[in-house]
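Labels run A, B, C and D following the written order; every chain starts at residue 1.
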Amino acid sequence: MSDVNPTKVAILGASGYSGAELVRILLGHEGVELVCVTSRSESGRSLADVFPRFRGVGLAETLSFITPDIEAIKSTGAEVAFLALPHGVAAGFAGSLLDAGLKVIDLSADFRISDAKVYEDFYGQAHPAPQLLDEAVYGLPEIRPEQIAAARLVASPGCYPTSVILPLLPLLADGLIDPESIQVVSMSGTSGAGRKADASLLFAECNESLRAYSVPRHRHLSEIEQELSIAATRKVIISFTPILTPVTSGICTTIYASSSGGAGAGDVGSSLVRAYGDSPFVRLLGENSPPDTKNVTHTNFIDIGWAHDCRTGRFVLMSAEDNLVKGASGQAVQSFNLMSGLPETSGLTGL
Amino acid sequence: MSDVNPTKVAILGASGYSGAELVRILLGHEGVELVCVTSRSESGRSLADVFPRFRGVGLAETLSFITPDIEAIKSTGAEVAFLALPHGVAAGFAGSLLDAGLKVIDLSADFRISDAKVYEDFYGQAHPAPQLLDEAVYGLPEIRPEQIAAARLVASPGCYPTSVILPLLPLLADGLIDPESIQVVSMSGTSGAGRKADASLLFAECNESLRAYSVPRHRHLSEIEQELSIAATRKVIISFTPILTPVTSGICTTIYASSSGGAGAGDVGSSLVRAYGDSPFVRLLGENSPPDTKNVTHTNFIDIGWAHDCRTGRFVLMSAEDNLVKGASGQAVQSFNLMSGLPETSGLTGL
Amino acid sequence: MSDVNPTKVAILGASGYSGAELVRILLGHEGVELVCVTSRSESGRSLADVFPRFRGVGLAETLSFITPDIEAIKSTGAEVAFLALPHGVAAGFAGSLLDAGLKVIDLSADFRISDAKVYEDFYGQAHPAPQLLDEAVYGLPEIRPEQIAAARLVASPGCYPTSVILPLLPLLADGLIDPESIQVVSMSGTSGAGRKADASLLFAECNESLRAYSVPRHRHLSEIEQELSIAATRKVIISFTPILTPVTSGICTTIYASSSGGAGAGDVGSSLVRAYGDSPFVRLLGENSPPDTKNVTHTNFIDIGWAHDCRTGRFVLMSAEDNLVKGASGQAVQSFNLMSGLPETSGLTGL
Amino acid sequence: MSDVNPTKVAILGASGYSGAELVRILLGHEGVELVCVTSRSESGRSLADVFPRFRGVGLAETLSFITPDIEAIKSTGAEVAFLALPHGVAAGFAGSLLDAGLKVIDLSADFRISDAKVYEDFYGQAHPAPQLLDEAVYGLPEIRPEQIAAARLVASPGCYPTSVILPLLPLLADGLIDPESIQVVSMSGTSGAGRKADASLLFAECNESLRAYSVPRHRHLSEIEQELSIAATRKVIISFTPILTPVTSGICTTIYASSSGGAGAGDVGSSLVRAYGDSPFVRLLGENSPPDTKNVTHTNFIDIGWAHDCRTGRFVLMSAEDNLVKGASGQAVQSFNLMSGLPETSGLTGL
């Protein structure tokens, strides 16, 4: 397809749901050669053994998991490492990988919060690598593509934050909403909780179940408020309630915000079109057009609709994405594409 | 169980989901003799034929659907009629049934809105029986049990409204929240949309799907705001977004409201305990304890949790109910019990 | 309801799905006083804490789990003990409880297989209490009610076996089918695998998944073949494939068997009516009428349909039950009723 | 990717589930230019309007549905037509399209049965175009690739038949199983029933439901037995029971067949490897390795596992596929690739 050599890529923590989604995307990415996958628990097994979905696909039969180890990873020739590791663990690897000359795209929360004190406040532990925070770039490709393209260390955003930040940023930047009025309810699929043996995530516990959790202070508030504050050029504090729902993947977010300065639905539409009209993965559905998660699952799209309620003076912003794709691994690959000088959509066009 | 003769009961529109749920409850209700079920589409078939779940249960094999007709209903000796009919249709039967001496419990929206103009505004048609609005009682048994007990015509509340009104009423009455600050997101199971052949409700359309609808002005706003306004003794206008989720039954509601007068979580708890401490079907889960719909399905319980977010000064109120039970048929039976002088929990204790 | 004192009952292993279902049924059973629930992991917590569904129901707020201990159980005054424990563990308690004068209804596999060698062959361990096998009664209430009524120790059947044995027994006894021709495929809900933290049972692993397991020799074959052999008065060996499906509860079984001696669908119907016409929990749907699990969930019914394929000379027998009710806890309570001289349907009439 | 001009393709009946899946695949197929989509009900609307999943993808915004009409289809320049129409309707278009010089790939049952009397027997109507039966090729690409490559008219197999025929054909051809002993139970997702407004397919009717249907004589028996008979070189009659399960897509098939001539699991494995070792879409999982539908959804793979039960002398064959992909649209595109001289996997490599 092209003359350029594919980039050699490693995935650390490839046996979880975000890791598996990275594998799925990268196995079909023509600019990538997957050379290394790590997992403490699955070490020695092939990709195809651990994920039967990948049987018969490319090198899934031959590439085996190794225990995460910097020297072993280096010896694979990997040029870029995706970290699909728990927060706290990811930061422990990032510095060594950077020192070894790899670029790092971290899907954990470790480098999303620029202020180590806020990290400690929300994550309950001292930041494991504060010296790297300055150079880490919060990787929303729609917002800061140039910074991502130039970065060595990208902190890829969380699933909820992506669904909340993208609809709100242009409106805050354009002064269309009152920053103090933002109130969010987000529903997520159960894959967002990870592939861990936890009785509360059993099928029989999640089926026919709708339940809020982490009320009133979910950890993702820290990165949401950081990014909204940058856009609003003032401190923004919001309300946020996550709900666990019986879907495997998908995030459906509803945001209320009061109109500011007499802005109406048309202003919201214009602002969003200005911001995202050329973005290949943001689909603007229009006024009074709620998105549906089933239209974005397994894709890197985020669909956004909006409405203005003249009875209350509030806007309703609605977004839908796949928590594992635009909310995690797809977005990370989008950043990888920018960092590698590839078209932003490489490997991400599957339906 | 008792010497009293059971009350003879008719269900109009018994072939839909609310109707079937009434049948389920009333077949096991010792104070009830089900004497009549009507359905235009299922006329002539037995309850057991239409609902195989009821095969072998009591008179389900022998009681057959009839076409709704006042004379035919009267001739069954029915003393109370439940109307599980579409709005607009229910009102057409209510007057004749009342004239024939029956008491009427209407599960449609027709008699919930005391102001015929508001009804017309939200339901898009002139009210079909405005002369009955004065005597209709909005049937929230926790709020006005005496009026229900004395009523001839009860308008049983909607599923969303029950989940929104019950948590909010005491707080508004006690002045703990700002009436202008109320913003609600409610998730519902698909049975709430009724048992109608609609392609958008197919399994393949609802599974792995989360989607808002009727944004920004769902019809249920009319009854919610009516009841909140009574409690607040002023006009209350709120934001409300309903979300269709892939569960058969269940409503999960999240409400934001700003604290008023320095009220905290303890004040909210006290207010709710005062209001519902003796209510058999309201379970107060406590602070920072989100409810889960799977704990209330097939029961008449509504579970309520709450939290105070000191960062924003807002309360988060969370409720869970079964849309077909506490949100429809169970609540209607609860009103029936009050109207019949039976214990409020008769027929509603099943788990 | 009655003058008789309720029977004092203990549930050992009440924190799993079968145990919780026993709690649900027995909390509403007028002939039962639940005096003891045991669980190693939940010791000290109340029923309502562990199962929020039971909040506000009877003594669920006040009855707390204790560590399983014979003396402690005896001191509660329990007269009957239900064992909802893993196989191998249940047998360890049964003898001591019997010695202490309690009757025992065991929901595990430990006393289902009368031949200790067959048990060892299928369960991979020596039988832990072979001296009790002689008096244990395989507790299918439709088949041997008198033996159950007189028993001290009942081995309540497994979920798959109930769905396979009940349709086949009369046909084998009446010589209508060839005993060598029986081939079964059974689908089960995930609650059948128990409430254990196992990654393969996560919602995200079971949703949109259909998969066979334990092929070709599932443990339940041992009890199925034992009971079929008794009916056929010869050794019966069958094929059986279980399939895990994305429902919380329900078993749907399809059985093929060749017609013997020219028997047709009418003979099958007659045989089943003779066997089960008076059984309150067996519903015979008729020829060419497949059952649907959603009509039996949360009930103790088993629905049976059948067909004769004249092209192949084979019968198709189809059954549906709730794996946790007729397939486990409901059936155990049915045996309890017989042992206690209560109506067979006591506590089991809920819809 | 290549210098060759893409083939111009029309899809008739593109608004159903098979049609939408064809659209999904063909929008990403580099050898295809989609020039025409027809639908009576959606005429005039764009692909993106009818299927919001396709918004922003290629020509989905600009290509609009037209009413099916031969002249209109011809004028689009279409060279190949996929028919995703109901049986009976498809045959009415096939002849005219062939006459107009198009190749036709029919996803309906109309040309699958070579004997018009068998068609009439199973489909209850005279065959609408018997003169075309001789040249129609039953389009299983793994079995007769050369005939498909040379065909003008391909009858693409049904979803159940594909899952049953592929595992059995080599074993029958190699004489490893008794042709009279075949008994099948197949579970399907609800999308297999089509995108029609039918109350029995509502989410609330299918969720928590497992139910057999069309017992004992489903229409797909006709094509299954036709193909098995060819392989066995004798008339084969089988038992087949389909089960509707609460997944959107997926077929899970379990087949019993008696070993013939002392064949064991190793012989089955060898036979399948000989038949499918080079087939890109058949994945042989090995002995005692049941497939899982979640590993094949959205792909064109069929996964096959097998077991030998020495207790009964029977084999258990197990297959899993996506009913809409390998069971319908993917397989049709696989035939298209062969007919067009393209690599068999073109457009079908997505995960």
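Points to keep in mind about this one:
The definition used in the following text is that contacts are C-beta pairs under 8 Å (C-beta built on N, C-alpha and C of every residue); 3 or more make two chains touch, one makes a residue touch a chain.
If you're wondering where the values come from, they're calculated on a predicted model, not measured in any experiment.
Steps from subunit A to subunit C, taking the shortest chain of touch contacts, total 1.
Taking the mean of C-alpha positions as each chain's centre, the chain lying farthest from the centre of subunit C is A.
The geometric centre of subunit C is 40 Å away from that of subunit D, both derived from CA atoms. With centres taken as mean Cα positions, subunit D sits 36 Å from subunit A. Averaged C-alpha coordinates put the centre of subunit B at 46 Å from the centre of subunit D. Annotation for subunit B: residues 205, 207-208, 246-249, 292, 294 touch two or more other chains.
For subunit D in complex with subunit A, the touching residues are 1, 24, 27-28, 52-57, 207-208, 280, 283, 285, 292, 294-296, 298-299, 301, 303, 349-351. Every residue of subunit A that touches subunit B in the complex is listed here, in rising order: 183, 185, 187, 189, 205, 207-213, 215-217, 237-239, 241, 243, 245-252, 254, 256, 288, 290-294, 297, 305, 307-309, 311-312, 314, 316, 318, 320.
Of all residues in subunit C, only 17, 189-191, 195-199, 201-208, 246-249 touch subunit A in the complex they form.
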